[in-house]
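Pasting the structures here.
The following pair of complexes shares a single chain, chain A, combined with chain B in the former and chain C in the latter.
Coming up: the complex of A and B.
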């Protein structure tokens, strides 16, 4: 009797407990998925860096940690007889990337302002074309681009590579910046003009500082895309002294008999460093920019 | 400080959309003029034309005697307060206030002094180092005002500056704006769609519709002597009761009611007996509180709103309804017909015994009736004149 009387009174408790258990199970499930994603993303990076510091013996034995860390692979990658041109490649990559990013940002900013602020014939077609171009596979463009560049004597030159990179960095940058500029109310510019600024003055003093986070975010994308690009650089740059770091990196897998895994991983780590540094430098700006952009007059 | 003169100003947008249609208006030095009208009537466009943010298609704008029609906004020496406040989000309040002075290369010491003065005037002294994002709506509004004041411009242009504030704050800000204007005495053009704001703030109010100024007058005159059906319907809250009526000898008939006309208050022109009759809610009174010699009507109370100070009694009149909205919706003023019955509002003494569903005796004052031409909408209490007001100050409006 007492048991049957206790059941209705106690009924909500087991239900609540069951709900709590289910919630916990769901949460644990999501956490596991999260951890799995992190492992999948982070593990290759860990393996690359740790292998770069392992001795040859540890690499062949498949050791998880560099127990006897060495810088030998870095030395071999940067100045070994088998792998010359490291500093050359870094310089080439930096030139290509800096020029591409700088030029793209300037051109994309003005183009984005035009698309966001002015109404002109063909504006919509232009925007659609820009998105359309993004959908073309890059590999399909290699031959036509090569032919065009050869006609103007730009194969084997960094200028040719810069022009090529801009064909895919520019449309994306224009598109992204346009979004940032549209988000800035027109009233702000007009207020500045009434307050005494010229159109250019309002542009420089009001629009530019507000769109700066967008410029930073877009330049990060442009930097990473250009720095990591391989196919076009490989096709266009035959001369070893002109190659970029990604092309230089590809030579580490080039020997048929033997792959120097230590040097390959050390070289890969070195190649990744500039992107990481650049991102660390600008990421605070992006975070700040996003909150600043959210504040509207 | 300066007077502003608009001469035959028009604005055509692409596709021949007429936003502002041949407006002539003089705003005196130090005057507070309010442009009021429904959305899309061209009031904001007109203000933006004065600011130089919209090109003038036709006509001339002068400020302080100088033709500024072709001048860039920065050369007009005016300040504008936007509906969105348009505060620069990346600058502090101090930098926002100083911006206009800084771009005009004012010496730093002078900028600092002026910013401090304005901050003190508007109670912003403690907020000078904050960014707009850290301010409340009312504070942002004050910063926007401060930015306009700091530069000591020839005129202020304000584009619905109070519309983003909540109702209570708006009432407070309205009073502050009036105080500010009387203290600074700067010529001000203020745009709003809120007729209460227009009536309380404006020394003169210009009612706009479809790009034209229908009437520009002092608020009381606008209320007492509307020159146009639309003005009559737009100004006043609760709105003027409007209904189709017929003049028959010495009486006016509308719906089920027939009321003798007052001796000195009859249509000056004959429109074949058909008129639109306008009666302000306060022209009615519960007979228990009215003088005995006024004509009476008996109505059925549909709705009763007791406001404490007075009460609004709503009753049906068996005739088509005419409101500012129906006027706006109709393409031509001649088609003022609507199918609904007119719901009249009477503002009566708060002690009224009126109850919903019961009958009530109302006294009505024919001395306060308004009559309008049902075809043109022009007031029939004034002699025929060009239907559209030019709005020059002091334009005589015969009673």
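Coming up: the complex of A and C.
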């Protein structure tokens, strides 16, 4: 577009040149709007990171850049006297997330194979169930889950949280994995069976390697969902030493008048980092599945 | 693929009992494979969701407060909880507030999302790439983190909102309208990337020739959007809108944390927060359960369209 606009002005065809110039002006206009949108959208993220690195003086004076960058806030968020539970929470989150993801992937994979490769009575009901569960407002389920887990002594334990997370990770994992499995041409499987492999053999040798990228992408997405979850962790885990990262962060503010903003933003940055890295890695792969599978972003 | 007509034909013709039984067993085995495969998922979700939802229904018919919680037993009082809730003006006020809040959030999300998606098509490459990257970055922000960042930006003393807008020490949390406005900003900001990227992907499916033909015929940009682009994108719009409605109606984390745990009152409740407060702070699990059920029903009605659409996609393959 810019190439066509750069045709020599004042050349034999003045009309075309004028048109070109107008096009260039429109294009520049769109680009400026685009840049404005970038600034507005990214500003909160920039403000979080820059505040985390600013000195206390710069934070109160409202400086736009951390001119004297400091790591003091990160140190205080991770191990300060007021905030002793950071590493504890990270460990809890990691345990919860890893167990949830590992168990969910195995279970979800089987169901996804059933949906993608078999037609069976009740298939439709199962699909409705998988999609319907994702629509349930979590706030509406807190009470029964809390009371039931309490009955079995699982409030305040990571097990209770893991079980709860699994039910929310499973449906979208089944749905997304189904999409990845369907994408594999049936011929490949059949070719393997003709070559003398059994159905299971064909499955292990052909299907599994081909689905591996899909499995990785789905796991990462499940990781992000569980890492970010707040509602259930907030209700089920009351003890300071048993909190997950999001609950830890939600209690970070302290009293409204004496909030350590630098440390709060450092803590926020630390909480977001793993998710951002993972998300940027798999976003492209999962984007399609999202539209088809409807996952909370 | 689970049944082979050839097998059943042979079985029917040969009439040999053992042969028939053997074949039947093989068929039963094959037919049960998909059920065995979905069993673990069904078991897990059934135990952790099915049971509690049943429990919830049961609970909504009981008086279940603090004494009952300690004794682990409620008293059945029929529909009394529902009667109480439906005669409580707080419930109706909250419902009305939540509906307006949802309408505002969804129209802003979809409206702005459409504009940014269309913009994304028009900008040059050197703007498109950072814009997409920025959207993905925002998309990946955990809700709790986003809340804390907005909380800091809107702080009355040193918040950057006040310094940009030159508002001095304006308190953004002074009125319910302002509070929910902030929550709206936060939610729309967080929801835009998903909407924009999905719509942008959809826009790639709009045939170029159609747009060009319409333009040659003298259609303006609005006309092109209404008569060419929109019809192609309609299914995506419907899905995005119904998803946004469902999510925004039941939203909890953002209003609860941004407005603050200690600042939730009947005057600024949204449905999700109301359910939570009713059960925990009020220690009335029975009424909380009744409200939960009502809320689940409303969301179920709202999601019928979406679920049907998805089932169709899943069924066609």
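Everything below uses one rule, namely that the second predicted complex is superposed on the first by the 236 of 297 C-alpha atoms of A that agree within 3 Å, B and C clash if a C-alpha of one lies under 4 Å from a C-alpha of the other, contacts with A are read in each partner's own complex, and residues count from 1 in each chain.
Operating definition for what follows: contacts are C-beta pairs under 8 Å (C-beta built on N, C-alpha and C of every residue); 3 or more make two chains touch, one makes a residue touch a chain.
These numbers were taken from a predicted model, which means no experiment stands behind them.
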Quiz item: With both structures placed on chain A, which of the two partners, chain B or chain C, ends up touching more residues of chain A?
Solution: C
Practice problem: With the two complexes superposed on chain A, say which partner A:265 touches: chain B (first), chain C (second), both, or neither. | Solution: second
Practice problem: Answer with first, second, both or neither: which of chain B and chain C does A:221 touch in the superposed model? | Solution: neither
Quiz item: After superposition on the shared chain, which partner residues are touched by A:210: those of chain B (first), chain C (second), both, or neither?
Solution: first
Quiz item: Looking at the overlay, does A:194 come into contact with chain B only (first), chain C only (second), both, or neither?
Solution: first
Quiz item: Residue overlap on chain A between the chain B contact set and the chain C contact set?
Solution: 292, 294, 296-297
Quiz item: Mind pulling up the chain A residues that touch chain C in the complex?
Solution: 1-2, 27, 30-31, 33-35, 37-38, 41-42, 44-45, 47-48, 51, 59-60, 62, 107-108, 110-111, 113-120, 122-124, 126-133, 135-145, 147-148, 151, 163-164, 166-167, 170-171, 174-175, 178, 182, 224, 227-228, 230-231, 235, 246, 249-250, 252-253, 256, 259, 261, 264-265, 267-268, 271-272, 275-276, 278-280, 283, 287-288, 290-292, 294, 296-297
Practice problem: Going by the contact rule at the top, pick out the chain C residues touching chain A in the complex. | Solution: 1-2, 31, 33-38, 40-42, 44-45, 48-49, 51-53, 55-56, 59, 69, 72, 116, 119-120, 122-124, 126-128, 130-131, 134-153, 155, 158, 160, 163, 189-194, 197-198, 201, 236, 239, 243, 246-247, 249-250, 252-253, 257, 260, 271-273, 275-276, 279-280, 285, 288-289, 292-293, 295-296, 299-300, 303, 306-307, 310-311, 313-315, 317
Quiz item: Which residues of chain A touch chain B in their complex?
Solution: 185, 187-188, 190-198, 201, 205-206, 209-210, 292-297
Quiz item: Hey, which residues of chain B end up touching chain A in the complex?
Solution: 51-53, 72-74, 78-80, 82-90, 99-100, 103-104, 131-133, 140, 144, 147, 151, 157
